[in-house]
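I have placed the structure first, in the form of structure tokens, so that the comments after it can refer back to it.
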Amino acid sequence: MEAKKIGCYICTGCGIGEALNVAALEKVSSKEQKIPVTRTHPFLCGTEGIALIRQDMANEGVNALLIAACSHRVKTDEFQFDTPLLDRVDLRDKVLWVQEVAGDKTAKEDLQMAAADYLRMGSVKLKKMNAPDPFQDDGFSKDVLVVGGGVAGLTAAREVAATGYRAILVEKSGVLGGMVARMHKVSPTTAPYRVLEENPVAGLVAAVEGESRITVHRNATIEKTQGAPGLFDVTINSGGTVTTQRVGSIILTTGYNLYDPAKLDKKLGHGVSADVVTSLEFEEMAKAGKIVRKSDGQPAKRVLFALCAGQRDKNHLEYCSAACCTYSLKHALYLLEQDAEASAYVLFQEMRTPGQMEEFYRRVQEEGGVIIKGDVEKVEKASGGGLNVSITDKLLRGQEGLAVDLLVLATGMISSVDTVDPNNPSPVGQVAEEAAKYVLNLDYRQGRSMPELKWGFPDSHFICFPYETRRTGIYAAGPARRPMGIAESMTDATGAALKAIQVVESVTRGAAVHPRSGDLSYPSFRREGCTQCKRCTEECPFGAINEDDKGNPLFNPTRCRRCGTCMGACPQKIISFANYSVDMIGSMLKEVEVPPADDEKPRILVFACVNDAMPALDMVGQQRGRLSPYIRIIPLRCMGSMNLVWIADAMSSGFDGILLMGCRHGDDYQCHNVRGSALAETRLSKVSETLDRLQLESDRVKMVEVNIMDADQLPKVINDFAAQIASLDPNPYKEF
Amino acid sequence: MKEYTFFPGCSSEKGASAANMEHSVQAMCKMLGIQLNEIDDWNCCSASIGYAGGGQLPRLAMSARNFALAKQQRGTTDLVATCAACWLAMRETAERIEHEPAVRADLNTALKEAGLSYDGGIKTRHLVEVLIEDVGWEALQAKVKKPLTGLKVAGYVGCQTNRPFGIAGESYENPLYLDKMIEITGATAVPYPKKVACCGGALMFTEMEKSCALVRDLLQCAVDNGAELIVTPCPVCQLNVEVYQGKINQLFGTQFKMPVLYYSQLFVLAWGGSWEEAALHQQVVPADTLRRFA
Amino acid sequence: MADDQAAGQTILVVGGGISGLTTAVEAAEVGYSVLLVEREPHLGGRVAQHYQYFPKLCSPSCGLEINYQRIKNNPRIRVLTLAEVEDIQGTDGQYTVRIRQHPRFVSDRCTACGECAKACTVEVADPFNFGQGRAKAIRASHPMAFPNHYFMESAYAGSAEAQTLVALCPVGAIDPGMTATVLEEQVGSVVWATGWQPYDAEKIQPYGFGRHANVSTNMRFERLANVFGPTGGRLTRPSDGKEVKRIAFIQCAGSRDHNHLPYCSRVCCLASMKQATYVREQFPDAQVTVYYIDLRAMDRYEGFQKQVEADPGITWIKSKPARIDEDPRSGDPIVIGENTLTGVRYADAYDMVVLATGMEPNSATTARVPAKGVAYDEYGFVVKGGQVLSTGCTATPLDVAGAVQASTAVALKAIQAATRRG
Amino acid sequence: MAYDLSFARDVYKHSEMGHWIKMCKQCGVCAGSCPFGPHWEYSPRQLFQMVRGGKKEEVLKSHSMWMCTSCYNCIVRCPRGLPITHIVHGLARYASVKGYADPDQVTNRFATRIFWTNIVSTGRVGEAMLTMRLYFVDGLAAGIKQGLEMKDSALGMLMAKRLNPIPFRGKIKGFAGFEAMLAKARELEEKREAGA
């Protein structure tokens, strides 16, 4: 690789030239930092400025660029060059726009000092930065494994194949189609949203079986999943025959289990009579052709469909299964289509027919379906067959009795992925051995299961990035991911197919997937320095690092999301990226010129998460908010990458205080790497030891949660901290 | 001279409760060069409570006969009504004849007994719509000779002129045409939040105290907003709000003395018509406040 | 991409809201080229106007920021703002589209330094805030706007003052003489993601929006809560600036209503629950009332409902209010109706009433698909079966997660369509 | 047992616009819209659920349906497009025809007997006769009392020439045909009400 030659380009536009002594900055670059090419330009992002940089790259051999202008978040199109070695020094948004430009001599001095420090930090950063060498492997596979052969799985396999990739479909039973195969028809998915549609399973099975790019394994389970995206080795036990297949990514479409009706409250009557059935049993009856009283085979004329059976209930499933209202309306229609004179009662708590399904709700009422808001209170066998059901009728406001032939309980969906309902450790009909509880049996140091977000469902960012799980390259879809109906499952499976294809295309290029999509760097470590403390393997939010027998980390670069949590965790400072390292950040902060205590210019180091805190700081600038001139901001990939050694380094370098700005953690975390900011907080709780050792007050270091929209509050947060630091004695280490 | 086939309705008959409306409407139309050709031998529209004694077919048959006569006598396509209840009953009948073939067939079986038939085709219009659409705002404005400057009027649209059909292009909750008519005469339309509230309708006959409570609110709201008089297009509203004021004062200890006029009366006066032409002599609560314009 | 398929086909994504952004980014990160066309000056669509997302009560800007970063880092995505697709001809694999690029009057030399806005004396009712508050005639829509370039109102561009800004701009980015241009592009597939507009609350006459000053809507309220909104995030009412401490939310304002939008807009219940938290957080002594027909917090959102329901400061009344009157003295809106669970009639006065207005697809009104053979349902949503793919709230009312899910799926369908030949 | 649908189905079939009752989703907008709302024992919404719930006696004996002022607020606001005014009128008529309606309910008495008789006896409303019949429906004494109470109003109307002092009016010219038409309509209606 050719030698690094840095060019430093200082923009004097947007008021920078007027507010700062640019010549002095040039000197910092060329003389102090020994940057071989240092230039200024009045409008660097304009055509002429860009041309200037390109010329130097072409003629001067400049191959690493330090662009001292505005925030790294703006003018990104313009400042795009054919080199991975580029850093932006933000003189405008985070210096000029947040400090007094037209102030007195002291203010001017502070402004200049800040600009110079940022230039120094940028120079060091670029010096420490190396071009990432994308991870490659000869054995990459782009095939997609689909686990679960229900509607979602069949759809996923079909869509993967339709895009030109090979799919392997693994189904634990002998037949494809899953739950939906047991159903009669499906609710309307298309305009005018009034007509029941044919069950899609037959069509999907035919499509999958007729597709040469899809291999189907029936009666098959996954005994083990090893490896990483692009390099998964999956051991499939297919009816006793065990094979290992290499695949690039995995889609989990194992569907749902129904909540065990035996666990329902007694008052719902399950078990009182054969005429109390679950909605799935009712589906099967409709599919078989005749809706009858189970107890005696007499035609069912009056049926009560009770919604939310064991759902939205803290003693059972706390959540709503999303699809049951529409399912139950469909069931009412089955009955009314069989016999227009029949009585179909839909007993609801909240009728949830979102979107165009409202029209289906109307249709069922039009056909004579009767809606009742209330709860089942008691179920008894009636003397002449059928049931007497007592209900609380919230609209008639009283207790009412209904004589019905069948009571159909809409029981809820439980994720089938590893974790089971907390209230219901063994799912319906499954008394499984330990291994069977895990769908994939991941050979991951952090365990065999898929980490769950809530209530057993395995995604990680269900608003903005709903497909992301904490196991890179493994995407859940359909009700395995969250409760959903059939049409939505098919859409969901298609989306998961996209993600599965996207991850193989990315990792085979050596690129990261969300949230640092396209990042070509990945962590490496210096084996000889490792003390086998296992912090990196335990803390990685994505379980990317395995261990060997001795406890040494085994990195899986294609599982890695490049957050740097491992780097932050490592007490030995031996984990680094080509363009991001403990040494790099440590060197940056040491480059800040700390004035002597007598100057009464404290220095506060701010570590800011690049995802939320940095944009928020930019907005402070846009709003021309005022920040203490004593802060020096270093962006971090994620708070998870914060290494405690930097705290010690900063303190021993004479910083008076350190403010860490990470994302919200806890249940409603906003950390894009799920646990980064939480881990940083935990690490920081131990920092007082460090400070004690240095005989410093522990409140010199503070971590705050920053939301991207906190621009209005940030000045107060920062300035209050600065004031608090100013009230302490100067850091005694300044003098050393 | 523009001609329209006209359905006056029972309350517009001589000596009936809306005789003042009829009188002023005729005067107004004359001033506009409009001739209203009354259907010969029309019958009651069955009004808003005819449903109870009549059920649907006899009730609808009443309007069907009027349609049949109008068609037979005038070959007409437009039929103009001034009474809200008549207009509504006819529009409902027309709608059901158009959309329900069984109703249409049954009605014709019944009409046959009277030697009539009707298969639809007549558009029932409110006289207000004729004024707005055929005469036009500018022409209405141009006729003003004695602007009622300074007069503060609450425009009370009521229910049946407004729902469920309403004057074309107007909203259910805030129809604006009546205020516009008031403003055209030179008077000021005061804000009147009760402009589409109910006066009790036919239930004034049977549930007088309950209805009077509604009317009290209507009157109070007009007073609160500084109105000197109320103007309405509806004969039921006019009757209930005007004639029961004595009863209301007695029931609620109020002292209302609010004149209640038809829009037609206001127009006639502003267009230079006499007190009598405007039928202002036929008010139960005298509209003395208008003397200054007469 | 798989070896047996042609690479390099471009996917046209129309609409730069969360659905369009997601479609564009997901397809591009597989390796396909994307042309993203947005009608407004900036990306982000409706979500950018929101203060927080349910159920995490976090800022939409957080997720948008990542998506913008993904666009900035991905040379395969080309973004056109202030642009509209006028015509689409062809079939999967080979479409010719005509795009009108409206003038921005500010070139991409703009550094968003703000000097022009400082000098500009003309203000307009701020459309980003739904007309609440004023905005300069040259500006960025909001502080997080991306692309981070200003634009000028076209009505202002003809003014003499606009000319004076030309010389004032330190980088020469302003050009009031800019005119519209028309581009023709070849693309392999088209995804329509033009999103939704809030249903016009004035049409819901009994609720008096437009007549009663203190009757607002959910989207207007989002802007009110936002620190960059017209009140700097203070929840005050329009008539007199009084703090909003007694507030009612009316669900299904327009939705599930045969007179308006017959379908359910899906998100409004959750949005009102979320907005109830805004009020309760800002004013711990505030009383919130939610009038609803059915509370629709599907699947795991149920947890959010439970969380909000646990707040004793929020009252839930199962009732579709009949109308809203206004107290002439205080300006308080008075909500009138029947509590269907008790049968009791109410007439309750509030400082402010927020109508949870529903979603009307833009494809029904201002963003019809200019192509033959497009399948719409009776509400104007673009449904499956036609020439052009649709996603997000162009296909059905969705929450953000649902829109992202659908848009990830449609990215794959768009790839398949783009690589399909005739 | 509740929710026996035989009553509901009869209403759906034989009460005017009764089939719309199926479509109510119980939002309550009708109840809040009604100017006489507070005087209804059961709001329209409640009546509809009671019909579906098989509460025949309670519904048909209720005075609620007779409280409709025909203001049409409920119709224009109903999100499901139910013609509520007409449904309520239909239920009143149904209750009356089926013999459940309280004959002494004032509106029932006035609407089914006095008003209808008044209009069909001549072809047009005789307002004076109508008023008289209304006042004297409870007998002579009550009539005189009521008449006296309202004498100021009546006097005003008389003075304004808006009340005819002679309560008798002539029949319309085509009365024979009118009567025959109504008889036929009644016959068809009764067939319908009887469930043919």
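To keep things simple, chains are lettered A, B, C and D as they appear, and every chain counts its residues starting from 1.
In this text, contacts are C-beta pairs under 8 Å (C-beta built on N, C-alpha and C of every residue); 3 or more make two chains touch, one makes a residue touch a chain.
These numbers come from a predicted model, not from an experiment.
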Centroid-based (C-alpha) most distant chain relative to subunit B: A
Comparison of B-C and A-D by number of C-beta pairs in contact, larger one: A-D
Nearest-to-centre chain - CA centroid comparison: C
Length of the line joining the C-alpha centres of subunit B and subunit C, rounded to whole Å: 46
Distance from subunit D to subunit A - Cα centre to Cα centre, in angstrom: 63
Centre distance in Å when subunit A and subunit C are each reduced to the mean of their C-alpha atoms: 23
Distance from the mean Cα position of subunit D to that of subunit B, given in whole angstrom: 22
Multi-chain contact residues (two or more partners), subunit A: 351, 395
Subunit B residues counted as touching two or more neighbouring chains: 172
Set of subunit D residues in contact with two or more other chains: 25-26, 46, 73, 76, 80
Those chain pairs that satisfy the touch definition: A-C, A-D, B-C, B-D, C-D
Subunit B-touching residues of subunit C, taken from the complex the two chains share: 205-206, 208, 211, 323, 325-326, 328
Of all residues in subunit D, those that touch subunit B in their complex: 16, 35-36, 39, 67-73, 75-76, 83, 85-86, 89-90, 92-93, 96-97, 106-113, 115-117, 119-120, 123-125, 127, 130, 134, 149-150, 152-153, 156-157, 159-164, 172-174, 177-178, 180-186, 188-189, 192-193
Touching residues on subunit B, where the partner in the complex is subunit C: 171-174, 193, 224
In the complex with subunit D, residue positions of subunit C that touch it: 206, 252, 256-260, 293, 318-323, 336-340, 343, 345
Complex contact set, residues of subunit D against subunit A: 1-5, 8-9, 22-23, 25-26, 46, 49-50, 52-53, 55, 80
